[in-house]
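Here the structure is laid out as structure tokens; the discussion comes afterwards.
When the chains are written out, they are named A, B, C, D and E in that same order, and each has its own residue count from 1.
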Amino acid sequence: MIVDCAHYKDGARQHEGPMELEDAAAQAGSGGEFVWIGMHEPEPGDLERLQKLFGLHELAIEDAARAHQRPKIEDYDDGYFIVLRTAHYHQEEEIVHFGEIHVFIGPGYVITVRHGPGSELATARQRLEARPDLLKMGAAAALWAILDKVVDDYLPVVDGIEDDIEEVETDVFDDDVAAPTARIYKLKREVIEFHRAVWPLLSPLDALERGGNARVPDELRRFFRDVHDHAQRVDEQVTSQRELLTSVLEANLALVSVNQNEVIKRISSYAAIIALPTFIASVYGMNFEDMPELESPVGYPIALAVMALCIIGLFFFFRRVRWL
Amino acid sequence: MIVDCAHYKDGARQHEGPMELEDAAAQAGSGGEFVWIGMHEPEPGDLERLQKLFGLHELAIEDAARAHQRPKIEDYDDGYFIVLRTAHYHQEEEIVHFGEIHVFIGPGYVITVRHGPGSELATARQRLEARPDLLKMGAAAALWAILDKVVDDYLPVVDGIEDDIEEVETDVFDDDVAAPTARIYKLKREVIEFHRAVWPLLSPLDALERGGNARVPDELRRFFRDVHDHAQRVDEQVTSQRELLTSVLEANLALVSVNQNEVIKRISSYAAIIALPTFIASVYGMNFEDMPELESPVGYPIALAVMALCIIGLFFFFRRVRWL
Amino acid sequence: MIVDCAHYKDGARQHEGPMELEDAAAQAGSGGEFVWIGMHEPEPGDLERLQKLFGLHELAIEDAARAHQRPKIEDYDDGYFIVLRTAHYHQEEEIVHFGEIHVFIGPGYVITVRHGPGSELATARQRLEARPDLLKMGAAAALWAILDKVVDDYLPVVDGIEDDIEEVETDVFDDDVAAPTARIYKLKREVIEFHRAVWPLLSPLDALERGGNARVPDELRRFFRDVHDHAQRVDEQVTSQRELLTSVLEANLALVSVNQNEVIKRISSYAAIIALPTFIASVYGMNFEDMPELESPVGYPIALAVMALCIIGLFFFFRRVRWL
Amino acid sequence: MIVDCAHYKDGARQHEGPMELEDAAAQAGSGGEFVWIGMHEPEPGDLERLQKLFGLHELAIEDAARAHQRPKIEDYDDGYFIVLRTAHYHQEEEIVHFGEIHVFIGPGYVITVRHGPGSELATARQRLEARPDLLKMGAAAALWAILDKVVDDYLPVVDGIEDDIEEVETDVFDDDVAAPTARIYKLKREVIEFHRAVWPLLSPLDALERGGNARVPDELRRFFRDVHDHAQRVDEQVTSQRELLTSVLEANLALVSVNQNEVIKRISSYAAIIALPTFIASVYGMNFEDMPELESPVGYPIALAVMALCIIGLFFFFRRVRWL
Amino acid sequence: MIVDCAHYKDGARQHEGPMELEDAAAQAGSGGEFVWIGMHEPEPGDLERLQKLFGLHELAIEDAARAHQRPKIEDYDDGYFIVLRTAHYHQEEEIVHFGEIHVFIGPGYVITVRHGPGSELATARQRLEARPDLLKMGAAAALWAILDKVVDDYLPVVDGIEDDIEEVETDVFDDDVAAPTARIYKLKREVIEFHRAVWPLLSPLDALERGGNARVPDELRRFFRDVHDHAQRVDEQVTSQRELLTSVLEANLALVSVNQNEVIKRISSYAAIIALPTFIASVYGMNFEDMPELESPVGYPIALAVMALCIIGLFFFFRRVRWL
């Protein structure tokens, strides 16, 4: 499905509604003039048309047809093919939903293909349209706008995970809450998956930042550096979160053991409290003929009293040694 | 055993059935003309004949005679010697079966030697024969077809392992299923082994992608990059799986401890529920002469009632504190 | 809020009180002459004024407006934009408080923007003013003074954490103190966070030290090396602390288990001590008609004596095998 | 002790028995002509004589006099000094025995010094003597023969460890065998030690393979690459084994806990099975005057039957919940 | 405190006793002529005098005044400033005592400043004085002598730790010795700390070895390589020890759990052995009127016999299943 298709020249969009693909291909200019075609979940025919119109490489088209690609920035002679994974954190399920954006960029054209849910590119387009100075720099500026949008959308994901880690920490160290092992594990799974979405981007972003590529104007390189910086920040935080979750899991294990210790001590205390008077009762349940206590009229009350004393004494003893 | 032996020229196979080795050696051309000899589990004589006919290096022949080589791409003056490990996931046993493919590639010839089960190369050959544009580029195209086939066959392996990891996760966090420690360990073993098959390929694939080697036409380098990208994707996923399995094992350990805690609490509750009335019975089993309760006609029913109350009271108490 | 704004020339401050921003901009010289503007928690307008007066890059201004940036040293054509995280250890809460300092440095000007609490820069300024030889080298000297101050303020943080780790170690190996799992975890969290503040600085500091940048005078490069050396020392110590805390957590877990073993042994000993005489009492509570011991007048005393012997004997037995 | 000392020229040994050291030194030629002196556990005087005769560097001599050197390939102006650790796996004790081989190689001479048990070099010498084409290339060929022999002798070590790891895995997951913690640990120790013998060789072997050293003929470099490849294979397998053993240890820990759970459940079941009828017996041991059941002639048989029912019922109940 | 101050020329010490600092400064020559000043715990004035006499850099002086520097080799225009951490293993306390040596080296002078206990440099000086050939090479030879001494003194430390690790292993796997968790942890702490002393030296030692620095004569570079090799050996062993100690801690944890299992089984066996006869006694303590066994004269002996049989039978049963 073609979402939008616009022609940009001299830093401004040349018309309102979307154009036809064929018109766009005809106008793909050079320098600051370019067309930006946005698609969502393309049908097979769409990509073939694009391939013919813009002379895209068959391997890039093959990748773009299938989702679940690895994030990458591939350099072709006359342009780039870029795969980005978009991320959205679903706070309630504590799951990161991933989408994908594939970008073809070449002389005078930018083609974006979105798979699955994920970052809307309309806002990236609007943001760029509001900046004629950048728009003038051509297709590379659109690439920046897309990268910036995708990477900025990572920030709420890390922040959401950060919040959940803090909740998990509170739970782990709170005696009244059951040990949230499954939750910790699931968060770790999301963090590992998220790392796989961000990490492969760092090295090609670094290459874009350092330039050495004539297609990216020097002034734009700082904007790519900005994106690189944000991606690095996300990646460093994700790395910390991974380590934190490992530590939480270990701390959790230690606390479960400590807790077991407490339980065993408490149980044993009560067992001792009841075992001693039971023993006393057994003694006076013996059938010896000659047991003077049995005949004494105060025997029974005294026995009861001794038993009560044992119970009370042991209770306070275990209190004092903090087993109860 | 010689599986197939064909002569390719101008992007097309020159004949239908397999040729004799000697004819093939005579036709090993240059540029886009080449012969592709496919063998399976070669007998010693086969390799010697090849060595004489194509002037292969003795060290490469030595390696090709024995399976269990390390994956590698070795550069000889006039060609490459490549060792690949093929992988096939046996879903029921949860075991990765590894085979090996050794490739000799030189001016005008490609020789593939398969050991053990594993990726059939016939499909790679068919795929290449259907692409005259690539076939024209000569022996390097055949190398690409083989690498592409082997690496693409890794994908179902990672996916199969991924599915099993998900099953294991479900089991770990399901209270009713026994802790699948052995299964987790065995999956981890397969993942470690699989990593050893994929990882050593990354660096030479990167070298092929970057080129700097006159024998690989520029246009083909993109196809090698595609293979490299897929291999990297597999390797990154394998790395994540390794980390996930480590975490699952830790989570499993924590859950076993938590489960033990639950068991101890439940057991202790029942022990307490029975210990208290037993103690009461012991008291009235004492033989004191003067125990007024014993003489009362309602003594026995009241005693029974008290015991029943103890049992019921303790039961609901332990329910409330969630020990039962 | 503008904290201070001074004009330096020939290694000396040119006036006492703070200047107006506009005057400062007019005097931003070159070589050894420069103005140093210090701000704290700037209001939006402040940064805009600075941007106009000194021609700062919009991306740097955008970063400076928001705290929680990643530490970095960004190279712009005509200067640097630097983000530093200041750290202060709050010993009682065992929490590292982070602040941020953003530095714009260019030909003839240094602008520092502080966010949150953290290193006062007044001392850095004073220290520099006391060194005319360095002050003469211009804005880069001010950068050194700031870096030096921030990194030196890391030292009390690592030392404070070191002290707390030592306390934690004492607690872990002291039988009478409860296992400080939560404290270990919280320290580890601080160390991980602190590492994120220090580590990203190392690589750009290394670049400053190695020079290859005309804006930093050779003589100053040694001072940057000094800062780099201190930052590396902090980072190496932080890395060690991280590893130590992991080991402490593991040792703690082992000790909790050892402790549980001790508890179980002690409890079981007492259970055995009471179970044996209880059994003896049960035997003599049997109602057989013909039990000769029951009729003997010394039966009861002997039974009591045997029970006492059991208790005493078992007690010393368990003492000897160190279960008690 | 001098083991053998031979003069090689034009690819052939020039005489049968060993020569005198002095004669050997006189004949140390250049190009393809060289002498190969083999020593075992040298006495101090031996090394001094060699130093004088061949002008060896004092630091190399110092190292060669003492065993327990780090594996290395040191480049001197006129030759190499090489330290290799030989390994032999003693299957029964599950211990890797390490020996050492020190090699001096220079223009026209190869001197090998063996310490401790370990790879016999006689077979390396024989293998080389059987290859006049390599022998012609001079001293570097002897170096290859030695490296090849030492690295090939690593293979049975990794294979032996692999077998033992598989045995250990079987034991860990077999319920009837005690947890082999000590064995796992000892295997890990051997693997760590073995890694230290192999790993330091990889980087200098890589340097030899890449050449850039005039003393190694180009044709030989492929033979060094072959050795490098084998060493890498050993190192990669050792790395996997290290990770496997870590996982086995963790799995073992989890299984010990699972096993403890099982034990606790079984014990508690039996405790419950006996506690309930004991309680019933206590009830009818009470001395109330008015307990109608006691007077009934079927009271006793019914009581026994109820107890038996309790025992049987609980037994099957615990069977069903899989505690027994 | 000035320990020694000597003037070396033409490979020989020029006088016996120590010289005055001022005389030394006057004689600081070039080439092979140099003075070596040795200080211990300098007073502030000492360093100032040196700074003036030899024109040392203020940053180096600042570092030298304070101990607890990071090991480093800093290159100044006209010399080096070196910080080394000396190590001494106190076997009884199992603690590594660290000292520090700061070295200023420049044209014609070597100044060593020792802090704390640690490697005596007198032996390094003597060793150098006994080697006129090295002494002739000037100040760099003194640097070698110092580095060699410090690094050689690391060897007994690693060996001492190695011995203690072996003791700890014996303890861990010995059933009769309490689990030495605290000792393992403390050894690990020392190893981590020791790593911090050795590791930062490796990279600058490598730089010295590779040369590219005109101040180090080529012949001496081999001696620096020797030191580098020893330092690497120490570092590799320390790395292995770190990994070993981690594994020991894990093995220890597993063994504690295994041990707990054993204890629980043994305790439960005895509990069962006593519970069964207690139950039998309870049965015959019941007060039913019509219990034929009670009236039989052999009832009591048979009951006792049955109880004894239960005890003996259970005992041997638990023996057989290895719970006792």
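One rule holds in what follows: a contact is a pair of C-beta atoms (placed from the backbone, for glycine too) under 8 Å apart; a residue touches a chain by one contact, two chains touch by 3 or more.
Just so you know, these numbers come straight off a predicted model, no measurement behind them.
K.L.:
Show me the overlap between the contact partners of subunit C and those of subunit E.
P.N.:
Where subunit C and subunit E might share a partner, there is none at all.
K.L.:
Whole-Å distance, subunit C centre to subunit D centre, using C-alpha means?
P.N.:
40
K.L.:
With chain centres taken as the means of their Cα atoms, state the distance from subunit B to subunit D in Å.
P.N.:
Those two chain centres are 25 Å apart.
K.L.:
Send over the residues of subunit C in touch with two or more other chains.
P.N.:
Subunit C, residues with two or more chain partners: 250, 253, 257, 260, 264, 271, 275, 278, 282, 285-287, 291.
K.L.:
Name the graph shape formed by the protein chains and their touching pairs; answer line, ring, star, complete or other.
P.N.:
Looks like a ring, each chain touching just two neighbours.
K.L.:
In what order do you meet the chains if you trace the ring from subunit C in the direction of subunit E?
P.N.:
Here the ring order, subunit C leading and subunit E following, is C, E, D, B, A.
K.L.:
So in the complex, which bits of subunit A are touching subunit B?
P.N.:
57, 59, 63, 69-70, 72, 74, 76, 178-179, 181-182, 184-185, 188-189, 192-193, 195-196, 200, 246, 249-250, 252-253, 256-257, 259-260, 263-264, 267, 270-271, 274-275, 277-278, 281-282, 284-287, 291, 293-295, 297, 299-300, 303-304, 307
K.L.:
Hey, which residues of subunit E end up touching subunit D in the complex?
P.N.:
It comes out as residues 169, 172-173, 222-223, 225-226, 229, 232-233, 236-237, 240, 243-244, 247-248, 250-251, 253-255, 257-258, 260-261, 264-265, 268, 271-272, 275-276, 278-279, 282-283, 285-291.
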